[in-house]
Amino acid sequence: MKAAPFEYFRASTLAEACAQLAEHGADAKLIAGGQSLVPMMAMRLARPAWLIDIRRLEELQRIESRNDPVSSADDVVSVGAAVRQCVIERDPLARASLPLLGRALKWVGHVQTRNRGTVGGSIVHADPSAEIPLVTCVLDAVLELRDAAGATDVPAREFFLAPMVTAIAPEQCLAEIRFPVWKGARVGSAFEEVSIRQGDFALVSACAQVALDADGKCIRAALGIGGASPFPQALPEIGERLAGTQLDDRTIVDAADAAAKLIDPDGDLHATAAYRRHLARVLVERVLRSAREDVR
Amino acid sequence: MALEVQGEQTLQLGRAELWRMLIDPAVLAKTIPGCNAVRRIEEDRYEMGLKIQVANVSGEYMGSVAITDKREPEHYVLTVEGQGSIGFMKGSAAFDLEPKGEGETLLRYAGSAELGGVVAGVGQRVLSGVAKFLVGRFFKALEKCIEEAKA
Amino acid sequence: MNFRYIGKKRRTKEDPRFVTGRGRFVADVALPGMKHVALVTSPHAAARIKAIRAEKALALQGVHYVLTGEELCAAVDPLLIGVDAPLVRRYPLANGVARYAGEWVAAVVADSRHLAEDAAERVEVDYEPIPYILDAEKSIEPGAPLVHPEHGSNVLYRRKFVWGPVEEDFARAAHRLSFRVRWGRSATVPIETFGVAAQWDPAQQLLDVWASIQMPKFPDQTARALRLPGNAVRVYFDVDVGGSFGVKRGIKHTVLVGYLAKKLGFPVRFIEDRLENMRGGDMHGPDRIFDLQVAFDADGTIRSMKIRALDDVGAYAGRSPLQLGKPVGAIVGPYRIGSVEYEPISVLTNKTAQEAVRGFGQSPTNYALESAVDRVARHLGMDRVAIRKKNFIGKDQFPYLIPSGTTYDSGDYHTVLDKALAAAEYASLVEMREAARKAGRLAGIGISTCLEPSGGNTAFEPLFNPKNETTTWMDSCLVRIDLSGAITGVMNTSSAGQGHETLVATVLGEILERDPDTIRVVHADSLTALPSNSPVASRMAIMLGGAAAGAAKRIKAALLAIAAHNLGVPETLLEYREGNVAVKGATGKSLGWDQLVEIAHRKFHRMPPGLEPGLQAKFVWEVPKGGALPTADGRIQMYPCFSLEAHVVLVEIDPATGQAKLVRYACGHDCGTMINPDIVHGLTYGGIAHGIGAALYEKFAYSDNGQLLSQSFMDYLIPSALEIPSITMVDHCTPSPLTEFGQKGSGEAGYLGAPAAIACAVNDALGPMGASIDELPMTPLAIWTRIQGGPT
Amino acid sequence: MSERLYRVSMLVNAQRREAEVPARLTLVDFLRDTLRLTGTHTGCEHGICGACSVLLDGAPVRSCLIYAVQADGGSVITIEGLARPDGTQGTLQDSFCEAHALQCGFCTPGMIIAAHALLNDNPAPSEAQIREAIGGNLCRCTGYQQIVDAIQLASGKRDGGIA
């Protein structure tokens, strides 16, 4: 299990990385943490001729609160694509503003892989079961892609196309992820998944974030399901239905039933499509309850 | 590792024209995902090179494509076989063409593919999603061919 | 018994080198000029190999050779197999036909493993896929594709044994039950893959081999296949083995590498990567369907059993069919069952070949037996503890002869079970289960009481192959006292973590009354070694321990003889204490250790007549009660010693997801005298963890077209510290009358009862909803499917 | 076609090590084959088993998932680096011996690295935290029990220096 030969270039700026991508196109791959890419290269399923290392780029390491002047609604926390997962777990701003991301990270791999793996790496790898991509979809994050010509914003919900297939072009680099941060203190979130062993790929995962008003009425809800469709699936239509409700058990059960009808699961060695659909229903119910309790 | 795909797609082309397109090797070369060369061996049988590239995963196969069970203009079977360093793949799909509206044809397909080698051994979790994606790519390419033909 | 060192807390001799990164595993062996091997493997379940073209591979700089099956098979002899099926030939590389996906088709030799893999990709193989068979039951039906057409059938071995009045017992019994359980294809999957390095010295005509092995007769089999005299192969047994638990056999790897090293004239190393290991390492374990019938009375007395065991050994047979043989020696478990019919059937399919796994087939059989006991209890509405106690062999009934001809040495099964129940706080366990059930969760208690036959002999070989009359299964030890008085023990096989160096040092220390920490233990190489049958079969505490004791006693006898001669008194008047010999009573006449050693080494004039100079002794020991051929009706004394393990486990299942969690785990264990309790406990904890894997997580799964789907650690799920619970272990000691210190084996402990207990617990949890699950592993999907009322 | 070599320089167990390596050489292969530090092991080469764990810039990582060129300029601590300066075993290594937290010893270096990192962060971890910290390190011999015991033992008697 040794990778096929390749050439290596460590970029010192993002522009330099983009220039390299422009030069080598589909023959090149970016590497940051490499926790998904390196095993695939070891199995020779991935065999880029060039690896462009962006792990140390300062530009991609920032976690910043950035209020978007265009949108009046939410604050924004921007996370550089090469921020390591373990950093998110400890960063005060990320912990305070992106609790759902923090909850998701508890399910991501193990200590050693979180020490190395990056937020952006998990997103562009686009495993349908991966936790971070699901959070970006559920929170309706915006992904900023850069290439030699400039920046392009793509909503996370339009980014994931199929297992490990995304809307990113070969010459583009994911630069940052802008997560909306809901205003108001009464926000709760939850992330749950079923995997066979802890740290394995989720058979199914689900997460939710809800905001309640002073009377406990749901004013906003976002949720989604991972591992049960070819890509992480946000369920905005269910979120909209929940807004305005008391988020009582009956409503939650109905929402879970509805959610389970919107997914497109496949069967594999560890889970049939029917089992995945069932788990999706169970987990949506659980995360909505937990998110509700999290507020209270 | 066996994969099943089936579905249907409405295409903006009359049945007879679509039929001609579907068995045209030039169109096959453009629509079969990853196909980079087609060389005729005999009637309805071609040698081909395939370079499958799905995101990070890439694999090269040498193989063949064959069209059999032809009942013009309503039915045929497309079989693709290939072998490469990461294993083999063999798939076949039956296509049924039904006239729909004016200049419109409903194409139904039902097929299965078999994979062997490393891809099958380590990729089982995502293969079926990838297969669906490749079917999607096939139809996108086909639609593009149709547009080009009309243009 | 009162021991000085045995049974006491003592640090092991091996650990310090491993905690500092100074172990020497085969991948750490770097020979000057060494080249590396990568493999070309078949992607097909079955295919004819029509052509292999290596030009593009050989064109790469740094690539030295591409070896095909055609060349290799002409130059080496087939590898040995256990049963009488000479036409089921196996070679390291496929010869003309590849019989499972992943089978080795060609080997590439290059300057580095990286280059070898580059080249392997460029070897072009023309395959013609041919029909294959994956289902064990269908494989024995007429018309099934034959894995080895020359053999004429997919049945490797089949025999029906009847021991005792089975039909009469069935006719007399008040109740009968029949059922099927299935043991899934899992294995031991050590964290170190198999590896071997070899170097041929043309001047000496000697092949040096370093390998990660746990394999009886490994040097002999390697030499034989390579058509070399036995003394032309030297295997170094001091290579640390990174886990084995049965599977590190590696004959095919070694014949391949040995052939390449000899032919190419430079050292060659092959370390399996994980994908090669999982698919083509030939290390899958039993894959077994049990059909059981049980005859029992209304009071729970089990009278008789009929067991049909159909085992899918994959595409080739090494020793794997014999894994159906070992259970013959404990076919009734710890129970007084008067008669048994046993029909083992070993079949070929187009899957990776099976190899020995911890317990050599006993754990699957124990799972079947314990499932039977639970079913009988459920059928009668009896308590599962009570039914076990009702049927247990009583502690005063030993030695106890079971119907298949084996005599159990000793045991106290009631006490061990009671201790396990107490350790588990059984009453609170029942309360917890009831509370969970009331709260709408699924919870179940599992109990298993299983035997670990230990000591190992080769009795299953003649039982399963009348042409094989092997009855000798010795092990040995050499002890040397050097001129400085330091003690060195020489063992004659490699170790894979079982602490043999500590074992030998402790035993030598015990007999010679010298501090074990001062005793060095080394591993001989195969040309200097005394005979050994390697640490298989839970046998080293008994056999290596026994051999070390025997050798030490000879040293002690020599010391006494020297002392008697020099002190001028008969030996009967002498007393040996901590290496010094004194005349009994307060005479003050004595000779110290150093003096005795010096006489032995340097003062021949003071040696008693007839005693060799120097101070060393060897002892070669045959397995107690071994050495006999089976009777015509297949009765045989299998292993000599029988350890018991009682597992009590509480499992909770999330009814919504099917996920099972082990909430409490207790194990009562009796392996006689423990020589080093930390080692015994460690082996047992590890065995339990391995058993948890087999019960809940691990499976080599195949697709319908014969592809191994669990080829990586992403899909073959070895449990981590997050899945394995904290385990409460409680010891009991019923010494074996057959061994030096009363010790029995424990190398397979834990694994032999854990799957049975967990399966019983899961079924106890599912019981209230009328569901049960009859197949391992009991994955979340399988459990959920049963909760939904679907088939397993 | 000979492969291009890249100069790498890193601190390994506090010693500056430099070499020219191909880009595809993983850090574990660099440590084992180039530097002959064979205490770090490879068990799966796809990032699951944890046998290859080392500390890179203070954090435990899987060295099979990092190319040596990526670690250029970094600081690596391997199992060999955890011994005391006189070559005897450190506190944690000693605890592993005392609790017999190993059998074949193959996963042990990675396990000790993971435990070492845990104790650096959290000198008095709970059992659950210990299991979490070693959850990415597979052991086939011990059932983890004596490993957990050893880490608990070490957590009670760390001497503040090299563990």
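Order as written gives the chain letters A, B, C and D; numbering starts at 1 within each chain.
As a working rule, contacts are C-beta pairs under 8 Å (C-beta built on N, C-alpha and C of every residue); 3 or more make two chains touch, one makes a residue touch a chain.
From a predicted model like this one, the values you see are computed outputs, not experimental measurements.
Considering the contact criterion stated above, the chains in touch with chain B and with chain C alike are A. The pair with more inter-chain C-beta contacts, choosing from C-D and A-D, is C-D.
With centres set at the average Cα position, the gap from chain B to chain D is 48 Å. A straight line joining the Cα centres of chain A and chain D is 30 Å long. Centre to centre, using the average C-alpha position, chain A and chain B are separated by 32 Å.
Residue positions of chain D with contacts to 2 or more other chains are 22, 24, 45-46, 132, 135-136. Across the assembly, chain B contributes 85, 118, 122, 124-125 as residues in contact with two or more other chains.
In chain A, the residues that reach two or more other chains under the touch definition are 1-5, 43-44, 198-199, 201, 269-270. Touching chain pairs in this entry, ordered by label, are A-B, A-C, A-D, B-C, C-D. Partner chain D is touched in their complex by these residues of chain C: 11-12, 14-25, 27-28, 30, 60-61, 114, 188-193, 240-245, 273-274, 496-499, 678-679, 681-690, 712-714, 718, 720-722, 724, 726-727, 750. Interface of chain A with chain C (complex): residues 1-5, 43-44, 194, 196-201, 203, 269-272, 275, 278-279, 282.
Residues of chain A touching chain D in their complex: 1-8, 10, 31, 34-35, 38-39, 41-43, 51, 53, 55, 86, 109-113, 115-116, 198-199. Per the touch definition, chain D reaches chain C in the complex via residues 1-2, 22, 24-25, 32-33, 36-46, 48-49, 51, 78-80, 82-83, 87, 89, 93-94, 96-100, 102-109, 112, 127, 130-132, 134-148. Residues 26, 29, 36-37, 40, 43-47, 125-129, 161-166, 201, 230-231, 266-270 of chain A touch chain B in their complex.
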